[in-house]
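Each of the two complexes below includes chain A, the first together with chain B, the second together with chain C.
Moving on to the complex of A and B:
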C-alpha cells in the first residue's frame, strides 16, 4: 500500500494505492489520523485502491469519526468496482460521502 | 671466481651433479617430507624453507670455491716445482758438463802428447790439481799403445785423504778391460757417464765416472779410455738443499733407475725403480719408471717413498746423462692453507646460519605469538563464549588487521545474537497471542455435530478454518425455545487477539439478547447498541442473523453488512439473499435494524459464509469470488449440509493451493427438512 498527499483548493487529497488490509491498516491509520485538525477537509482518492478488507474499512471509520469530532469534512472518490461492491455489501456506502471523481469531490467539500 | 676455463667447466658439472643429487634426495621420499612439514608451526615451516634453500646454496658455493682455489694452488705449486726442478737441474748439469769439458780437454792433450808416459804423469797431476771436483783420473790403454806396456797400462791418480795425491797402476790390481767404465765407451765410441758406484778402493765415496775414448792420431780405432771420477757428495748437498713447502724433497735417479740420492737412505744405490714397483706392486711407480725411461718432463701423482704421504712429483731428465731429477711435495701441505681457510669459513658460516635461524624463529615467534592468542580467542568465541576478549592490536600489520576484522566480526555477532534473541522473543509473543486468539475463537463456536440429534426438522453443519493470523470469523446456532433455531455468521474487522475478543463479546451478547427474543432485528439492534458504546477503535462486526421456526419453516433474518447468503430451493436455481438491513454492528449505536421474512420449504438449503470464501486468492492473485460459489452450489449433487460444507471448503482449498490462507474461512449450511416427518436422507 502507498499513500501520497497533495492539496487542491484547500482540500487535502490523499491517494491510497494498492491493498488496504490488516497488514497495512496500522500504517494507514497513523498516516491518515495525523491529518485531522479543525475544519480539515479531507479527500481520499481511492482510484488506485485494489482491495479493501474489513480492517481497512475500520481505518476509514476511525478517520471519519476523527474528522467529525474536529468539525471537518471527509469525502471518498473514484472507488473501483470491487471496492464499491464491498462498500455496498457492508452498507458503508450509506455512511460515507462518495463522489465519482476528484473534481466533484472537491466541489462537494468546498460547499 | 672462475679464473680459468678449465675450473669453471668443472664447476658447472659439479653444480649440475649437485642439483640432480638434491632432486633425487627429494623425490625419493616426497610423502614423508610433506607430512613432516604439514601440521608444523609457521616458525618451523619458515626455518625449514630458508634452511632447505640456504644450506644447499652454501654447500655448492663452498665446494665450488674449494675446487677453484685448489686448482689455482695446484697450478702455482706445479709452476714452482717446475722452476725449482729446472734450477736444480741446471746446477747439477753445470757441474757434470764442467767435468766433461775438462776431461775432454785432458784427453785431447794426452792424445796430443803421443801417449808419452812421462808426459802423461805430469798432465795427470796438473789436471787433478786444477779440478777440485775430480776425485781421481785414469788413463787406461789398449795393450801395446804405450811404449813398454804390452799387457796394457792404466795409471790412476786419486785424492788420498784429501791433500795427498795417490797413484797406482790399475793394471796391477785388476783386469780393467771388462769393466763398464772401459768397455762401454770403447764399444760405443763416445764418452759415457757410468752408473754411480761406491769406490771401494778409493775411500768409500759414491762416485760416477766419465769415460772418454782416446783416439790414435790418424786412426779410428781406440787407443784407450780417459776417465775422470766425480764424487757425488756434492749431489747429496745440492739435493738436500731443496726445500718445497715443509716436507718437500728432491731425489735423483740414474739411467738404470737406481736412486742416486733420496732422503730415504735405504733406497740409495740399492733399489731400481722398476724392481721396486714390482716388489711393491705399485702401478704408480711403474708408470713413473716408464716415464723416466722415456725422458719425459711432467707432474704426476706420487706416494712418498719416504713416509708414504700422498702428493705430487715433478720430474725432469738431466742433460749430461739420462738421469732423472724429481721434486716431491705433499698434497696435504699444498692444501693446508686452503683447508685452514675453509675451516675458518665454516666457523664463520655456521654461526651465520644459526644467527639467521634465530632471527627467523624470533620474527616468526613475534608474528605467531599474537596469532596464537588470536586463534585461541577466536576458538573460544567459536565455542559460544562470545564475550572472550581479543588480544590487543599492537601493529597495523596483517595480524593487526586480522584482529580488527575479528573484533568487528565479534561485535556483529554480538549484535546478531541480541537481534535474534529480540526477534525470537517478539515472534514467540506474536505466536502466543495468535494461539490465544485461536483458542478464544475455537472455544466459542459449536463443535459438536450433529448438534441436535433428536430434532428432525432441520439439519445444520458448519466449519471454521482459522487463518494463521486469525481473521475474526464467528458462527453460532442454538435453540431459543422449543421451536425457534437461532443461527448466525459474522466477521469482525481486523485480526488477532482484538478481533477474537470482539468475537467473544459479540457471541456472548447474541446469547444473552436472544434469550426469549425471536425477532432478529431487535436482537441485532440491541447487540449493536452495546457494541457501539465506547468503541473508539471503531471495531465492527458484519453479521447475519436468522431465526427459523422449525415447525413452519418461517424464517426471519437480519443482514448487517455481511455477505449475502445463498438460497437453494429444491428444484430451483440458487439465488442470493440480497436483503440488507444496515451497517455492520458497532458503528452506529442508534441504528434500528429491521428484518425480512420468508418461508423455507422441505429440502431448501441456506448457505452462509464469510469473505474468507469469496475473497480467497490463488497464486495469480485471482479471487474465488461469488460466481464460483454460485456455480459450486448449482452443480452440487447433494443437499446434505455436511457434504456441501466440505465441498465448499475443499474447493476453496484447491483454489488457494500454493498460496497461504489469508483469512478465516467459515461456511454454515442449513437444510430445512419438513414441518412433519422429514428424514435426513439426501
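Moving on to the complex of A and C:
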C-alpha cells in the first residue's frame, strides 16, 4: 500500500494505492489520522485501491468519525468496482460521501 | 497444506496462496478478490481471537475440482463457530457504526458454503466457492 498527499483548491487529497488490508491498516491509520485538524477538508482518492478488507474499512470509519468530530469534511472518490462492491455489501456506501472523480469530489468539499 | 504461526506476519503468505489457488481454479478477477477477502477475514479472526495466550498455528489447504474451490482452515485455539455469529447492522448511521462482525459477514457473503466443525481440539472451517460450471442451473 502507498499513500501520497497533495493539495487542490484548499482540499487535502490523499491517494491510497494498492491493498488496504489487515497488514497495512496500522500504517494507513497513522498517516490518515495526522490530518485531522479543525475544518479539514479531506479527499481520499481511491482510484488506485485494488483491495479493501474489514480492517481497511475500519481505518476509513475511524478517519470519518474524527473528521466529523473536528468539524471537517470527508469525501471519497473514484472507487474501483471491486472496492465499491465491498462498500455496498457492508453498507459503507451509504455512510460516506462518494464522488465519481476527483473534480466532483473537490467541488463537493468546497461547497 | 500450509501451516504458519497465527500472527499478522503470516497473512501475506496465506493470501498469496489463496490468490494463486483461486486463479488456478479459473475464477475471474472480481471473484478471486472475494475469495482473498474471505480468507483474510477468516485468518485474521483466528490471529486475533483463537490464541489468547499467544503462540499457535493456522493451517490452510486448498483443493479444487471442476465445480469450484474448497479451502479448509484449521486452528487448535478456543472453539469459535463463525456460522453462529449474528450479522452486523449494515444500515446503522456513521455515529453508531462499528466494525465488529463485519469480517465474518464478508466470509459468509462472499463464499457459497461456510461450514464449521469442532474436531477433537481443532476448529475446522470449510469455505467453498463454486465456479459457474459448478453452480446448479436454474
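As a convention for this text, the second predicted complex is superposed on the first by the 111 of 111 C-alpha atoms of A that agree within 3 Å, B and C clash if a C-alpha of one lies under 4 Å from a C-alpha of the other, contacts with A are read in each partner's own complex, and residues count from 1 in each chain.
Going forward, contacts are C-beta pairs under 8 Å (C-beta built on N, C-alpha and C of every residue); 3 or more make two chains touch, one makes a residue touch a chain.
Quick caveat: nothing in here was measured; it's all calculated off a predicted structure.
> Is the number of chain A residues in contact higher for chain B or for chain C?
Looking at chain B versus chain C, the one contacting more residues of chain A is C.
> With the two complexes superposed on chain A, say which partner A:68 touches: chain B (first), chain C (second), both, or neither.
Only chain C; A:68 stays clear of chain B.
> By the touch definition at the top of the document, which applies to A:81: first (chain B), second (chain C), both, or neither?
second
> Pick out the shared contact residues on chain A: the ones touching chain B in one complex and chain C in the other.
22, 51, 53-55, 57-58, 61, 65, 89-91, 94-95
> Which chain B residues qualify as touching chain A in the complex?
Contacts found on chain B: 469, 472, 491-495, 536-540, 542, 560-564, 580, 582-584, 587-588, 611, 615, 663.
> Would you pull the chain A residues touching chain C in the complex into a rising list?
21-23, 50-51, 53-55, 57-58, 61, 64-65, 68, 81-82, 85-86, 89-91, 94-95
> State the interface residues of chain C toward chain A in the complex, per the touch definition above.
Those residues of chain C that touch chain A are 8, 11-12, 15, 29-30, 33, 36-37, 40-41, 44, 90-95, 97, 99, 102-103, 105-106, 109.
> Going by the contact rule set out above, which residues of chain A touch chain B in the complex?
Those residues of chain A that touch chain B are 22, 25, 51, 53-55, 57-58, 61-62, 65, 89-92, 94-95.
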